[in-house]
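Worksheet: one structure, shown below.
Chain lettering (A, B and C) follows the sequence in which the chains are written, and residue indices restart at 1 in each chain.
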Amino acid sequence: MGLTARSAVEISKARLQRGMAARWREWGELAVQALLFFAAMVSVFTTIGIVAVLLVEALPFFQQVSLKEFLLDPQWTPLFAQKHFGIMPLVAGTFLTSAVALALAMPVGMLSAVYLSEYASPRVRAVLKPALELLAGVPTVVYGYFALLTVTPLLKRIIPDLETFNALSAGLTMGVMIIPLISSLSEDALYAVPSSLREAAYALGATRLEVAVRVVIPAALSGIAASFILAASRAVGETMIVAIAAGQRPTLTLDPRRAIETMTAYIVQVSLGDTPHGTLEFRTIFAVGLVLFLITLVLNLIAMRIIERYREVYR
Amino acid sequence: MEEIVLETQNLTVYYDGRPAIEGISMKIPRRRITAIIGPSGCGKSTLLRCFNRMNDLIPSARVTGRVLFEGLDLYGPDVDVVEVRRRIGMVFQKPNPFPKSIYENVAFGPRIQGIRDRRKLDEIVERCLRAAALWDEVKDKLHQNALTLSGGQQQRLCIARALATEPEVLLMDEPASALDPIATMKIEDLMRELAREYTIVIVTHNMQQAARVSDYTAFMLAGEDRVGRLIEFGPTQQIFTRPRDRRTEDYITGRFG
Amino acid sequence: MGHRQRRELLGKLFEGIALAATVFGLLVLAFLLLDVARRGLGVLSWSFLTSYPSRFPEQAGIRSALLGTIWVMALTALFAVPLGVAAAIYLEEYAPRNRLTRLIELNINNLAGVPSIIYGLLGLELFVRALRLERSILAGALTLSLLVLPILITASREALRAVPMSLREAAFALGATRWQVIRHQVLPVAFPGILTGMILALSRAIGETAPLITIGALTFVAFDPRGPLDKFTVLPIQIFNWVSRPQAGFHARAAGAILVLLAVLLSMNGLAIYLRYRLQRRYQW
């Protein structure tokens, strides 16, 4: 077998050293690795691309519109004859719809998380948890349809002076959509709390509710907080539900019964219109986009830091 | 005097800067079975993995010293590690056949060397399965998934797979520890058969197995610093009846495990 | 009632409320589906699938939107899957544990949380304008590819990570190069998981509306797109368009289109589950 075919030690040695075949092979491997590396770098390029695109268009905008006006003017009317470029109404609109969404999703999501983590049997959990994920899989345009054509008429019966486009319907529908975000992440956080803590509390005679509220939730607080922040980020970035149901009238208000416009809906509005590229009016979508990007970036980074920190605690 | 095929000179392996084995110098004779024994944690597997440069796969590992194969330092510059691994094969503790057919398991080695001819592959597969004493049991189901075989059969398949690249040395890391006694016996018989053509180095924590099967034995021990060192090396007969080092004697007689 | 009993009662009450909260979302979803079905079932017909949109609701169909969606999905898969799998392979099998790798991973995590409309802005400037692809299917597909890349990479990494180390070791010990190990042993075993990740990513992409609107997809298309450089519309945009009209007839059409979209989504995910089951049986270890 092996040895008789290659008895000369010199031939053996030579083959072990890198000959032509080996060199070809190694170049091939290097080429593959380089290709794969570039594929991985696409994500870095994408981020650079996003920042570059936003800055390239927003900077000329800010050369014509002062930062002071952008941040402090209470009116946003770039498409009208009398132009105002104050972003506050859009931010207010985004804030209002997100706040409504979170007002619904946080308690409902938290209660779901507590139920699934502390009360539900493994079988029930195995069914309900993926079922809740379905909510996140429904396309947002479907939720938009629901908000405008079903939720709004329903709410109008209870709140007679509700406008057809309003922040409340859109916000509540968005809230339903982000329930799984909060319930899933919070539930993971609750589940990760070591059972020894629970057992100690039970041994002292606490009821399930007391254990959940006094022991488990406080221990999982950072994970829960992270889920809230991520849900907020998701709500801020949501487009179709608000574009369909919340309105296209930038209004500086905290009254959810009124029509407003969010930052995201504004970008859609301009994209659907025929504002020519390269004009100041068109550049507004990049200025707004920049603000939107920065807000979600900050929220996401905070959430990621919190998650990293609480993962270490339970290492 | 025995011909030496593998030799280590002052071999030291560091993981993350801390030495795991230190100053190992030993000579492996050709076409003999050499067993490496010692308590768990003494670095036997680490040493074994130096012979086919499998420690390269661990990013935090660093190797100093020399490992000579036919006189050539395996860790020297310009050494083709792929060719090294073809010439020095390895069988692992837990049988790890690929989740493919029996045929494809054995054919994998030759295939990646570029052998495509169906008849040549058929011939290699049959030859290696016969050499591993598995042919008769699987010749009618070569295209069945390897995972349907029993543990002992899977391990013999792994041996056949290693033989397919025509190695000169077979490294075996506790090859029978995951098997039942009958399968173990079959593997031990197989080893003695294979030693007629191949050099075999086996790591085992089973002293009786080492005594039964090997021609030479190396005894390793980790001190209080948890660094593994070679304590004694010699013909198996001598190690087990007249060990020269006190520690070897203590281990053999079971004073510590 | 004693103190103990009061606490127990409170506990039971809470459990009931918590359970109600858990099923609340599901009830809303069921309600939504019933509503869509009520309005939309009557609209479904062969002519609905094969007609172009129109000023008259009774004649409006989703032909162009459906074709556009198929075109965009096919191209998105074409770009995103190789890119995503390649990136995952690099990160799992090659990348050293250094700062550059951390940076790449951080980027991927961050990109997963960027609002989809921002991707639209990127696509507008990069693909539509700089690369001069105009408002084409290709521009839309490239934009969506970037959008779903983080999902694909994460799912593929998990599939690769699930392959046991012992398999790789066995292959290396036979003298295989790293790429040979990956190509012949790791990828086949990770394939079902990667496929699932791909379907997950496409499920997300098929419902995306905002980025495509931003890169200039049309809302009224009365022709069949014939090539990747053609203008186009997609099902979600058609739905958006019809929902925004005042006539109830169009609302019904929107509901019908939603039913089609949900049916497609359901079959995609059903296919994923089925394929996963079949393929996993082949590669059981």
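The criterion applied here is as follows: contacts are C-beta pairs under 8 Å (C-beta built on N, C-alpha and C of every residue); 3 or more make two chains touch, one makes a residue touch a chain.
Computed from a predicted model, the values in this text were never measured in an experiment.
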> Are the chains arranged, by touching, as a line, ring, star, complete graph, or other?
Replying inline: complete
>> Measuring between Cα centroids, what's the chain most distant from chain A?
In response: B
> Whose C-alpha centre lies nearest the centre of all protein C-alpha atoms?
Replying inline: C
> Looking at every pair of chains, which has the largest contact count?
Replying inline: A-C
> Hey, how far is the Cα centre of chain A from the one of chain B, in Å?
Replying inline: 52
> Hey, how far is the Cα centre of chain B from the one of chain C, in Å?
Replying inline: 48
>> Could you work out how far the Cα centre of chain A sits from that of chain C, in whole Å?
In response: 15
> At which residue positions does chain C touch at least two other chains?
Replying inline: 177
> Which residues belonging to chain A are in contact with no fewer than two other chains?
Replying inline: 25
> Among the residues of chain B, which are close enough to touch at least two other chains?
Replying inline: 82-84
> Okay, in this complex, where on chain C does chain A touch?
Replying inline: 7-8, 10-11, 14-15, 17-26, 28-29, 31-32, 35-36, 39, 82-84, 86-87, 89-91, 94-95, 103-104, 107-111, 113-122, 124-126, 129, 146, 149-150, 153, 177-179, 203, 206-210, 213-214, 216, 219, 236, 239-240, 243-244, 251, 254-255, 258, 261-262, 265, 269
> So in the complex, which bits of chain C are touching chain B?
Replying inline: 96-97, 164, 166-167, 169-177, 180, 184-185, 189, 283-285
> If you look only at chain A, which of its residues touch chain C in the complex?
Replying inline: 25, 28-29, 32-33, 35-37, 39-44, 46-47, 49-50, 53-54, 56-57, 107-108, 111-112, 114-116, 119-120, 128, 131-132, 134-135, 137-146, 148-150, 176, 179-180, 183, 207-210, 230, 233-234, 236-240, 243-244, 264, 267-268, 271-272, 277, 285-286, 289, 292-293, 296-297, 300-301, 304
>> Per the contact definition, I'd like the list of chain A residues that touch chain B in the complex.
In response: 1-3, 5, 9, 12-13, 15-19, 22, 25
>> Touching residues of chain B toward chain A in the complex: what are they?
In response: 69-72, 74, 78-80, 82-84, 87, 166-168, 197-198
